[in-house]
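Presented sequentially are two complexes of subunit A, the first with subunit B as partner and the second with subunit C.
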Partner chain A sequence: MSKSVLTGAMEAPPRVTEWQRFRRVFFGRKIVVFGTAIIGLLVFAAIFAPWLAPYDPVKISLTERLQGPSWAHWLGTDNYGRDTLSRLIYGARTSLFVGLTSVGLASVVGMVLGGMAAYYGGWFGATVMRVMDALMALPVVVLALVVAALLGGGLWNVIFALSVSQVPEYARLMAGQVRSVKENDYITAVRSLGAKDSRIMFGHLFPNSFAPLIVQFTLQVGSTILGEAILSFLGIGITPPTAAWGAMISNARDYLLQQPIMSIVPGLAIMLTVFAFNMVGDGLRDALDPRLRGRL
Partner chain B sequence: MHTFILKRLGQSLIVLVLVSVIIFLSVRILPGDPIYLIVQESNVAGASPEQLAQLRHEHGLDRHLIVQYFDWIGGVLRGDLGVSIFGKQPVADEVLRRLPITLELGLWSVLVSAAIGIPMGVISATRRGSWIDNAVILLSNIGITIPVFWFGLLLMLFFSLYLGWLPAMGWTPITDNVGLHLQQLVMPVICLSIFPIAAIARQTRSSLMEVIHQDYVRTAWAKGLDERAVIFRHALKNGLIPVITTIGLSARVIVGGSTVIETVFGIPGMGRLAVTAVSNKDFAVVQGVIVIIAATVILVNLLIDLAYGWVDPRIRYS
Partner chain C sequence: MSPILEVKNLRTVFKTESGNVTAVDGVSYHVNEQEIVGVVGESGSGKSVTQLSVMQLIPNPPGRIEGGEAWFEGKNLLEYERNGKEMRAVRGAKISMIFQEPMTSLNPVLTIGQQLMETLQLHKGMSTAQAHKRAIELLAMVGIPAPESRVNDYPHQFSGGMRQRAMIAMGLSCEPRLIIADEPTTALDVTTQAVLLELMRNLVRRLNTSLLLVTHNLGVVARYCDRVYVMYAGRIVEEGPTREIFANPRHPYTVGLLKSMPRLDQPRQHRLLPIEGLPPNLVNLPPHCAFLPRCPYGTELCSTSPAPGLAAVGAQHAAACHLNIEESRT
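Right after this comes the complex of A and B.
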């Protein structure tokens, strides 16, 4: 800049593509890079669990019960003699799968419901949104608890329970988005060209309402993983012997004084994971929110 | 203000009715027939279809859904929440015994989280970019990510098992032993407050920072007021309005958190009741407890909305 002033020559500002701008903002904060790295590590652990885990996560070995850390068992063993590190690695698989799937399901259902409610409005829209309000009146944990109780534990029931409890949030967000996007001139233009409702909705409204929902999606994965841990801790989540971090803590409770590492390790894993998703969510918000653009 | 109150009251009632319908229907429609559970429980091996029909009739489960709903909701309005399938005790008695415990925990938690969260946010917003601001940001990020039931176990490990300062678990009525009652409150209240403290601190920080740049605050500075007067007498008044909403949302989180925290610390409150009823599949209790929890949350939200309308005229006229 100073150089061009001195020479008097006018230089065109460097062209910045969307992707470059996204990268610059997103990776501009160290903590976001850290979060991304943690998520990368978790995904790696989840995919390659069978090769990474030193032992079979469900193999019981009563001669090796409640051991502290050692060369053979880096993080010790639990009350059934199962290797904690192996269970931790397989637990990443459970947590990520439950987190991503239930947030995926909830966001699709919530977005379609909320989007349709806002697009059509009238008694249909009002009914949908009031039901969503009613579901929002219950704490997420309580709602998930009831669904899990009615359906029983197990992976898919937990996913279903956690999805149901999140649908209202997405529906509300999407409804708000669609209502504001709907008023834009380009939607009127598409409509005047004779486009069908479904085409307007899926081809134009939804894609343009997306950015805040991606942020919400990322933030929600973290809290869903927390929700899964709570359900598993309460004994109505993932059924044993499948490795799940919440169930590991619940199991370790009775040996709190004897072998504290058994409780501490899975809790740290949950915390780090949720923290990573929150940081990446914050980073995405900074990078995707047009109102924050031009800051860098 | 009157129309505002009436409107909000009406909306809350509609939501409450809808919640009751949803709970009622989900218990009826989702798989898991209560009758089979009763049969399993009473060990009637191979009950005949006639016996099943008899049981179904006794529990009123053979009537039309709409009749069942109005029967149930009528009872709820008269203070009759039905009878526990297993314990044969009235659900209302159980709820009355446990609700005050959870309310006390919740009230303490709201007070503690406001008393810590708001000052944290104020300090952080007024010292933006300083080490103390960074510390507050880091702490509140940890606060919203930490699994509270796990944190509860850690507290228990250090303060009860290692140091022996606090009783690990249990609940003593205040009428029996005031000291022990308060000691047993400490760890559960800390756990329930962690998330709200973080949320309130974040909200206070961001809304105060927005207000600080407004003209009337600049005017206050220009008048030569000192920092304390500017922040506390001018900026905070408007800056705290959005925090009211966060406190309201925290109420929902605290009620939800009471399920796990009461389980961890062995406290006989509503949260614990919900968990046991759910794991026993005692649907009569589940229905009753959830309706009461929902009603509590809706009432808190209503009060928060009214408070909001009271402090911010823009809300009640919109």
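Right after this comes the complex of A and C.
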């Protein structure tokens, strides 16, 4: 075989890196760009809250109760005279922290459980998955309610409650992924080269099973933030006076007719945030679609 | 020449809903040092399962190795725990496998280099830098142009032929004593097949490795193999030196295979003769010879007596047939 024959036959097409391709698909839709911008803004607000907020979010000023928007208080004040804008900014902190942490915890635990259950199978896998199925039979909010009611409110209990209720979803998703990925020839090939179980699982199976979970992760951050708001609204979530959007609405509902902006502002914030995470999740799903791999 | 791998009476069974399938039924074979051995048979004859069994790579459940021995370097591989340390130390380092589908045998999320390096670091204890350098050398050895940049490519950036080259590089990376190539070129186009088989033969010679070539292509066998095993319905029905088998086939199935293959020295009008019928269902194998329903030579004796074992019909040449057929090639 001559060298020229080889190189001629194997000329590579012009390179588009995975990253370039990803960006092109992801930012190709305006709504996704919009969602990303909102999340960016939220993250920015959450990190720099102490510098951005005009007032202390928990400072009570009874002389300034239930004010409408003004130059001093852009979004008005609540029934304790606390500045709504400041509480909104600090609330972003709570929401994002709860959302990301509980989804993070739930996905790690769920992925490892589901992945191992699918990889090893047998009685171990069956037991794990049946427990997951049983947990899944309960609606997320109900399950979170039970956990929160048992443990009481507070930031970490809310995170725990929301994580526990989401673990089954990740476990099932991961188990399905691993079950299909492990039938691939390259898993047998890796095994035939002497790799051990842990290496096959974490080095080969899991990376090939991630894509749909990343999408699920993003979508879930939105609904977890909503879940936190629900728990806080019901009074078993974040305990006052910590600023949390759900608690803000719960507090504002008594003044719905007197000062509607008090409920509208955190309500809009929750809506926009959930919407943004859903849009970004959709964008990720399109951009990570393996059918697009190697095209464009 | 001494055998480096000697398999005795291997028996592998799969549990299925319709019953137990004996995919490999008492198969014995050996591979000598620096020898290229062919295993031929049609789809479902158990040739791949045999190789996977030796490496203990049969998915369990549903598969189970029910008996037999596989002697390699004085140890019986089948006594090792399935994914135990000893078995893993053999895989990739002492015996490596090259699979049929280069398209799906490489992990799509890792670069070619990472996959090559993984084996080197695992078995040779190389540092990342050493392994990277060696990975480039290996890619160059299997004829991949510009290996320095190609090493960072992902499998989807490689063509089928290049992926199979990369697989060969992975198989050879730890300089194993035996390479089991399971239909390594079936999924590739004919010109690439020829190039890759030549490459494999040259590398195997250079590295003093033995090669077990599983194939259904008799042309490949004739060109590359020193000895051949012919498998049918989970059993070896004929074995012998390639030359001998092609010149003097003694099992009706081998005869049929040779007749169904186009030959350059035949007149153009000559028709290929297919083997009539279908391979048997392995769930309920008859007690008599499994080839009997398709055998043009079948006699009363064949249907009444149990399936024949391998019997010597010449020096190093054995066939599993009651009859002593002498079929000259037509």
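One rule holds in what follows: the second predicted complex is superposed on the first by the 277 of 296 C-alpha atoms of A that agree within 3 Å, B and C clash if a C-alpha of one lies under 4 Å from a C-alpha of the other, contacts with A are read in each partner's own complex, and residues count from 1 in each chain.
Just so it is clear, contacts are C-beta pairs under 8 Å (C-beta built on N, C-alpha and C of every residue); 3 or more make two chains touch, one makes a residue touch a chain.
Keep in mind that this is a model prediction, so the values were computed, not measured.
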| item | value |
| --- | --- |
| First (subunit B), second (subunit C), both or neither touched by A:Pro207 | second |
| Touched partner set for A:Val140, first subunit B, second subunit C, both or neither | first |
| Which of subunit B and subunit C A:Thr63 touches, first, second, both or neither | neither |
| Chain touching more of subunit A, residue-wise (subunit B, subunit C) | B |
| Subunit B versus subunit C as contact partner of A:Thr188, first or second or both or neither | second |
| Touching partner for A:Asp197 - first (subunit B), second (subunit C), both, neither | second |
| Residues of subunit A touching subunit C in the complex | 1, 3, 6-7, 9-10, 12, 15, 18, 184-186, 188-197, 199, 203-204, 207-208, 290, 293-294 |
| In the complex, subunit A residues that touch subunit B | 130-131, 133-135, 137-142, 145-152, 222, 226, 229-230, 233-236, 246, 249, 253, 256-257, 260, 263-264, 266-267, 270-271, 274-275, 278-279 |
| Subunit C to subunit A touching residues, read off their complex | 52, 55, 57, 83, 88-93, 96-97, 99-101, 104-110, 118-119, 122-123, 143-145, 154, 156-157, 159, 161-162, 167, 170, 195, 198-199 |
| Complex contact set, residues of subunit B against subunit A | 14-16, 18-19, 22-23, 26-27, 30-32, 141-142, 144-147, 149-151, 153-154, 156-157, 161, 252-253, 255-257, 259-260, 263-264, 274-275, 278-279, 281, 286, 290, 293-294, 297-298, 301 |
